[in-house]
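In the two complexes that follow, subunit A is the common piece, with subunit B as its partner first and subunit C second.
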Partner chain A sequence: MSYEVNGQTVEHDEEGYITNLSDWSEDLAKVIAEQEGIEMTDEHWAVVNFLRDYYEEYQIAPAVRVLIKAIKKQMGPEIGNNKHMYELFPYGPAKQACKIAGLPKPTGCV
Partner chain B sequence: MMEEGVKKFLYVNRKAPYGTIYALEALEVVLIGAAFDQDVSLAFLDDGVFQLTRDQNTDGVGVKNFSPTFRALGDYDVNKLYVERESLEERGLTADDLQEIVYEDEDDDWAEKPSIRIISRAEMADLMHDQDVILSF
Partner chain C sequence: MAPLDDSENKKPAEMMDIRGPDGDPLEIPRLACDAMAESKPYPAYPEHNLKLGFPGELIDNWQEVAIAKMGELAKKNRAFQVYLDACVKCGACTDKCHYFLGSGDPKNMPVARQDLLRSVYRRYYTFAGKYFPWLVGARDLTKEVLDEWYAYYHQCSQCRRCSVFCPYGIDTAEISMAAREIMDSVGLGDKYCNEIIGKVKDVGNNLGLQEKALAATLEGLEEDIEDDTGISVRIPLDEKGADILLVTPSADFFAEPHIEGLIGYAKVFHEAGVSWTLSSYASEAANFGMFIGSYENMRDVSLRIRKAAEDLGVKRIIFGECGHAWRVAYSFLNTLAGPFDFLDPNYPVPQHILEFTWNEIQKGTLKLDKSRNDHIRLTYHDSCNVARASRMGDKPGGQFEIPRNVLKAVCNHYYDMDRDTIMESTVCCGGGGGLLTDEIMDIRVKGAGPRMKALKQVTDDFGVTHMAAICAICKTQFSKVMPKYGYGMDSILSVHQLVSNAIILGGQEVEEDAAPQGDAAAAEAKQ
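Now for the complex of A and B:
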């Protein structure tokens, strides 16, 4: 299974998480988002970029409550709350945003 | 702040970080278990103290260096990492050989505080005695 982006093939698993984390690009993120039915806004990008920075620093994708707490601290309570985050990523902020960010599924996420 | 149904959990780490899967599995269990809002502590003794050493480089062994993940534990409200002094000494290590791990104290204006506490073997025994649940890795 794979995504097609700019003529390149990027392998992913049965749930759509890319196999090789270094294959990620912003164009790929847009392709994944489209398949997820998400149109990327600045707020989506902010979450995706936060997740990538977090992974870079700690080598894990954060749990959803850790993510929301951090977004609240970084971007304020209007964005960093459960309801708004689920509006941005209806199938789960951690799960879906990690997929778009090219990261593995968060630890403990089933 | 002890609420009804909250138990004291201690995760005991006795093995070196690489070579077996125990250390990584223990850390994953801690991260997953953190969702249950229990009173969690981690203990590092025997070769387990090597898990917290600074500047780890796993290029030669071909596995992921997961030591940065310990620094995320504060985000999961896991901020009690007890390291046994005798285990350090027996391996020629001191507190300076361990990476810095901090958490933000919500009750103290988010001040950064150290998560690692070095305790003696006798104190470690007392700590274990105090727990409701002990999981050994």
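Now for the complex of A and C:
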């Protein structure tokens, strides 16, 4: 189970989350997004970048509520709202956006 | 019963009729033999199993070890042995499982699910099965049988609805837990549960949410409450000397609508004027040790709560909205981690947040404006572990009454669903018992069918827009599967979210028509 990006092989788990988080690159994010049926726009990148920054600081993805608050601050309420996040990432900003951002899948009752 | 014909039952979940022709949410489907045989969760990785004390992967002599383990469990756990011996095949349970009703697969009939293990038990542990296996339906434990166990014991949410209708009280959940324990003992664990239990041991919660992140999340929520209400309401973490330790599912720090419930608890504690704290060490109410039938793992997780209570010097322990956690807390905590003689004997050990809130409502401590929930027409989903494995308050049936009392105190429009699908007969959300994992979404959606049909009835009859629940699993499961049945993902609410909406905090200035935005949007989406 792996992605091919720029001639390199990047391992992932059964659900497409990369195994080694340091393998992530923007090109890889585009490859993962394509497999998820998502075309990356500036708004998608804003989410992905926020998730990566947050993860670097806290070693976990943020709650959706925290993500929305941050995007709202950065890009305004038209984009920073729950409905729009699910339009960007139909399988959920937590799970699907984490996959594209190269972060582990949130586990538990979520 | 519908005719035995599986040819017409291959419709995808999206196309399933939401309500049968006679409108019965518990309508019996056409049989679809082996329809769900391939529904299996991902197996655990060696590192997940090893951390829990199980072999990393399937061991060479798995057959021998599994048979011995089964014998050991039957000897140690008398109930398990009685359940294996006592079934008379009366058939009362056959149409009681939501996974059977949703999938039509006869192996999801509770008696058939039990027989997957019972047939092997007979072969090795009964006289007739040893000598005349063909006469008594006894089977050798083969790799095919093991695979079948893995598939169908992960299609049981251990909700125990079937056991309510069994004249002998046979509890399929116990058999399913034992089956998973046997599989774990030979190195065949499931990834979802075992990875999560490992995270609790490492970090203190299912999510893997570390102290720094938890503290930041709680601070953010305090800001949100102040922005919304103008009142500073604290959500304390690791505060020594607080009176109350709140133990709540970590989903309450992460997911929607769970977080809204946490805000509700904080507002209730604030208005009640009590001192309370969360713990970063025991930042999880859930205890997946129960789902995999592992006493040792269940105890390890429970002991974290005891240690946190002792270290923080609290007088009381209160549990947040989590279904199976309340079963473990109410029924097993004292055995697993007691005695709790260091706590204040004037309060139940432990207490449920709904017991606390209901007491405060009765005392008149909370100022409630029910009209703030007027945009919601509500029903309530009894979570299986609360309904059938615990109690609340000091009267029988308190676990049914107290949540409804609280909801009716904060909401003007409340309607119950079909009596055969609530209270002790409640149908499962479809994601409990360690099945809340995406690779088995098909059975999750199918298993939610009976509940969704019952909900559809009250939507048709009374215009119900939302359903409340007091279990983190139920809430997540419904937010995922409700859209498949034509409801918005935010049609599922936390009970304390509704409490939160209705509370007017002391000193709070209230505007006219101040219905909370999120719910208003949900109501619009529904229309």
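The criterion applied here is as follows: the second predicted complex is superposed on the first by the 106 of 110 C-alpha atoms of A that agree within 3 Å, B and C clash if a C-alpha of one lies under 4 Å from a C-alpha of the other, contacts with A are read in each partner's own complex, and residues count from 1 in each chain.
Here is the rule we use: a contact is a pair of C-beta atoms (placed from the backbone, for glycine too) under 8 Å apart; a residue touches a chain by one contact, two chains touch by 3 or more.
Nothing here was measured: the structure is a model prediction, and the numbers come from that model.
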item	value
First, second, both or neither for A:79, with subunit B first and subunit C second	neither
Which superposed partner A:5 touches (first subunit B, second subunit C, both, neither)	neither
Partner chain(s) touched by A:40 [first = subunit B, second = subunit C, both, neither]	neither
First (subunit B), second (subunit C), both or neither touched by A:15	second
Subunit B versus subunit C as contact partner of A:65, first or second or both or neither	both
If touched residues of subunit A are counted for subunit B and for subunit C, the larger one	C
Subunit B and subunit C contact sites that coincide on subunit A, given as residue numbers	58-60, 62-63, 65-66, 69, 107-108
Subunit A residues touching subunit B - in the complex, by the definition given at the top	54, 57-60, 62-63, 65-66, 69-70, 107-108
Residue numbers on subunit B that touch subunit A, as the complex places them	28, 31-32, 34-35, 64-66, 68-69, 71-72, 75-76
Contacting residues of subunit C [partner subunit A, same complex]	42, 192, 195-196, 199, 205-210, 212-213, 216-217, 220, 224, 249-251, 253-256, 258-259, 286, 322, 436, 438-439, 472-473, 475-476, 489-490, 518, 521, 525
Touching residues (chain side subunit A, partner subunit C) in the complex	14-15, 58-60, 62-66, 69, 82-83, 86, 94-95, 104, 106-110
